[in-house]
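By letter and in written order, the chains are A, B, C and D; residue numbering begins at 1 in each of them.
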Amino acid sequence: MRVMTLPWKFIVEWISAGEGVIRSVEKVYASSRSEYQEYLIAELYGLGKSLILDGKVQSSTSDEYWYHEALVHPVMLSHPNPRRVLVIGGGEGATIREVFKHCSVKEVVMVDLDYEVVHTCRESLSELHQGSFYDPRLELIISDGRKFVESISGVFDVAIVDVVDPIEGGPATALYTEEFYRALKNTLAENGIIVTQAVSPSLHPRVHAIIRNTVARVFRKVSSYITYVRSYNGLWGFVAGSDKYNPAELDATKIEQLISTRICAELKFYDGYTHQWMFSIPKPIREVLSRIKDYATDTNKAVLQL
Amino acid sequence: MRVMTLPWKFIVEWISAGEGVIRSVEKVYASSRSEYQEYLIAELYGLGKSLILDGKVQSSTSDEYWYHEALVHPVMLSHPNPRRVLVIGGGEGATIREVFKHCSVKEVVMVDLDYEVVHTCRESLSELHQGSFYDPRLELIISDGRKFVESISGVFDVAIVDVVDPIEGGPATALYTEEFYRALKNTLAENGIIVTQAVSPSLHPRVHAIIRNTVARVFRKVSSYITYVRSYNGLWGFVAGSDKYNPAELDATKIEQLISTRICAELKFYDGYTHQWMFSIPKPIREVLSRIKDYATDTNKAVLQL
Amino acid sequence: MRVMTLPWKFIVEWISAGEGVIRSVEKVYASSRSEYQEYLIAELYGLGKSLILDGKVQSSTSDEYWYHEALVHPVMLSHPNPRRVLVIGGGEGATIREVFKHCSVKEVVMVDLDYEVVHTCRESLSELHQGSFYDPRLELIISDGRKFVESISGVFDVAIVDVVDPIEGGPATALYTEEFYRALKNTLAENGIIVTQAVSPSLHPRVHAIIRNTVARVFRKVSSYITYVRSYNGLWGFVAGSDKYNPAELDATKIEQLISTRICAELKFYDGYTHQWMFSIPKPIREVLSRIKDYATDTNKAVLQL
Amino acid sequence: MRVMTLPWKFIVEWISAGEGVIRSVEKVYASSRSEYQEYLIAELYGLGKSLILDGKVQSSTSDEYWYHEALVHPVMLSHPNPRRVLVIGGGEGATIREVFKHCSVKEVVMVDLDYEVVHTCRESLSELHQGSFYDPRLELIISDGRKFVESISGVFDVAIVDVVDPIEGGPATALYTEEFYRALKNTLAENGIIVTQAVSPSLHPRVHAIIRNTVARVFRKVSSYITYVRSYNGLWGFVAGSDKYNPAELDATKIEQLISTRICAELKFYDGYTHQWMFSIPKPIREVLSRIKDYATDTNKAVLQL
């Protein structure tokens, strides 16, 4: 017997002080606060089962692959033979899920700060990780990502940074600075490649440009690229960096061929045309990228203004 | 480390299709759906720890006594010696808490439909019941209130109806009809008295009047009275009925004297002046009460239109 | 041809940072910003045509008389023969409308700060003022209320303060201090009486108590009383002060008699029982009033915290 | 003097019954209802001065060029020499503004249903039309678009359909059917080309596919393409159709060359790379396009489900 027909539990994702997206919460699976953040696992109207951290949707079953495949595959395919992969963040397990699709991968080290969130996702969000937490190639380390990368060197073919946006006072601002990228480069084996999520270029173009510029201070070849994620309320950006490889130099045909030979599972989002779409940046964003010269350091961090 | 400063989890309590009250959810204690209704136990900004059923705040620690003391004490003090008391509904245990404050009470039978909600409140909302579920004078029966009152006769000195509003399709519409009040009267010992919550006379004056008129078809002495409950977004109404006793005939001095001799615990809301306030109905509500002649039967129920 | 069925224009009245009331805007009559405040005249779902200042509903056709009759009549009837009346604020013209209902009134001086709002209400909100702006007994002065009361003495029988709440940084904080009430008293003829709106005792009990205490520093007889205003989301308070008269000392019978002999028009809200309701303060508010000893001065103002 | 710091006037753009975007209204320029729709011209937080029809943002100064340049230029540059252009809809004047940038254009016929909206935009939204309503090459006709195209033949080189989404009961459902596109084709001179806005492929992929399929029943060469419009809360789709020309066959270099020779004004969004971005459809949308076989006719219209 259902009485009310109007939805009554909502989350509001504030884009700014005067804009927000409201979504009806259909069912709550977990709602608590860890040492680091407030988390909610819930069925959201229109988006499906989702992980929300500090009010921001991180992953929704309906469209998370628009993000996770975009994050992982361009750099993985740019490297000729990625065997050891580092993932910083990615607590819900969807990033490592995509990494494990590459037949060449022998070892994945995932470093996440928040045991409680990782544990809760592993138990309650199998739709996202799809068992990848139990892949024997995984080493899961609960640790501060910055400290971890400063403690290791010369190991990884690919490093993937999948952490929350650099919000003022947030846990991730130290993972977007020149010092961090230098440490991250140092964890790489020769001719490694990195990628980081790089905020929304439609909502925060200046911060996206700063991340691109900061990576460019450390790596010779850098490229920005973008996807769209409905759950994130806009276009979404990434920055790849390497001294040798550049996914922007691969065309649609080459991508199709690499996928067919190097990926051992189905992809839902990424293919040759999608690659071309992601690397063809529309003019207004290119103009911001060419205009902004700033970069971030530990003493002058990039932060999103809500 | 707290990142977001704007609240992001809300409930909306719809007053109508174009009005609602939004409240930030600070902490979730329980959020699920029972056989009968969706329930949420949560800390709400401004209201404190609260029980919410199907989107409607039922009780908040900050002001529930404005409701529960108003519901219980006028009829309990009007009866000269209430020993056996029936409570229909009142799942969070605050109504029986007030009943047990009367020194004369020997036995309370509480009948609630929804075991899951009662159980969850008993475990997670001790702020409201304050242990009254464990009072040895209590007999708790999980049953349909209508069926229960049709199965028993001649027992109770006071009967208190504390159920949700008669919403279209809701679980309580059969607890506001003439047939129900006749059955309820039949459960009473000689010269018993009843009271029912009677919706908001500021938001739904017509339904309040119908409840008053319906009780008046069964009892010789009937009186409407009102309190204010911030958590309920307005004034709140009650209707008392008896063939012999009428709380409206008691003045402030008499109430003070009865409280001092018959109540064995502290009251936070009810006293002589408060009684006078509740029984002095403002003119616009009196005018609705005198204008509306309708009453409710099983075949012509009163229902709230949202 | 109507396409959307869901309402899409809303105002949110924030009660605090985590609570608010949302109301659908059905039709906009005026929406602009004066020198002093943002104003909106609009049809609101559930409330009717309304004046909204800086996000706060000031008057709605559906229930403004619960406020304006409560503000005006108790003090007007307490004075034996009110001929000259001062109204500070009351820009929509509903307060003077009620004052003019008293047959004894010869002259009303209304002092409002904001010409643009007064003018717009006069043109677009005749439902509220009902022509009272054109009553020949009215003298309308556009001026700062504080300056006006400091410039005049010994004139008025009754003074009515109908200004916005004392919000931090708002235009009215200087109209709630001891210095203001001393100046206001000085504008009165011998044995005059004043009343001020005194915020919501359910939402802001401490500020209500401070206003009461501040008036009590200036007048020998002071009384708090309360009504309920749906448009204001709660109970609403007033404070009356005089060296001689006290509306709290009038009973329901006396009020009925005074209304019948001294008021030349219909009342929708106020009568004897309503008077008794308003002056019977419920216990939790009385307890705040007896506990709070603070008062406001120009150097230590009372301000509402949202 | 500003009192409230929290925004209090909002519009909600409902994406579905459980999702919406809320935006603070900073300033209202016009708010009324025409014969056909409710309209609002307002400054929206984050978006700038905007036209909103029936609750849906149509154009915002901050990003309308992501839409209007995407709508107009691909088909205009595909045609070798567009002299006469038909625009159906486009009431705010931004579509004709882009058409007039093409040096070859001699005559533009704009047909819009709603005189009141067109007139209000012309007076109050010069930021959008930038004077194009006063271009001597314009003939503005207030008429039903469907009737107009059925009354004329053999005239236009390019026809552009810029009308609201096909919402159930809305004014535009008859402008998305096979019969409409046949009539529209009949208005074209030999080898003309058309384009229509084609809803959001991220929010409503099925309707986008139906529009593509419907145009494909009438024209031999059809292509879907997409942009992103923040004001529209997602990706946005278009469908171009012609028996001879296809913008999808033009590469970035060719586009750059055509812009430099044929466009007499600055573009902010469209260039070679942007063209490549728009015509590289990501895989999930391509899959919907290949799976859906439905098309729309006057007796079986496509409608968006909110």
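Criterion: a residue touches a chain if its C-beta (ideal position, glycine included) is under 8 Å from a C-beta of that chain, and two chains touch if they have at least 3 such contacts.
All of these numbers come straight from a predicted model, not from anything done at the bench.
Asker: Taking each chain's centre as the mean of its CA atoms, which one is most distant from chain B?
Answerer: It is D whose centre lies farthest from that of chain B.
Asker: Examine where the copies chain A and chain B touch and state whether the two sides share over half of their residue numbers (same) or under half (different).
Answerer: Both copies, chain A as well as chain B, present the same residues to each other, with over half of the numbers appearing on both sides.
Asker: How many angstrom lie between the CA centroids of chain A and chain C, rounded to a whole number?
Answerer: Averaging C-alpha atoms per chain gives centres 56 Å apart.
Asker: Between chain C and chain D, what is the gap in Å from one C-alpha centre to the other?
Answerer: So the centroids are 51 Å from each other.
Asker: Hunt down the residues of chain C that sit against at least two other chains at once, touch-wise.
Answerer: Correct list: 7, 12, 17, 22.
Asker: What are the touching chain pairs in this one?
Answerer: Contacting pairs: A-B, A-D, B-C, C-D.
Asker: Would you tell me which residues of chain B are touching chain A in their complex?
Answerer: Against chain A, the touching part of chain B is residues 1-4, 6-14, 17, 22, 25, 27-28, 31-32, 36-38, 40, 54-56, 164, 167-171, 306.
Asker: State the interface residues of chain B toward chain C in the complex, per the touch definition above.
Answerer: Chain B residues touching chain C: 7, 12, 15-24, 26, 44-47, 66, 202-203, 227-228, 230, 233-235, 267-271, 273-274, 276-278, 280-284, 286.
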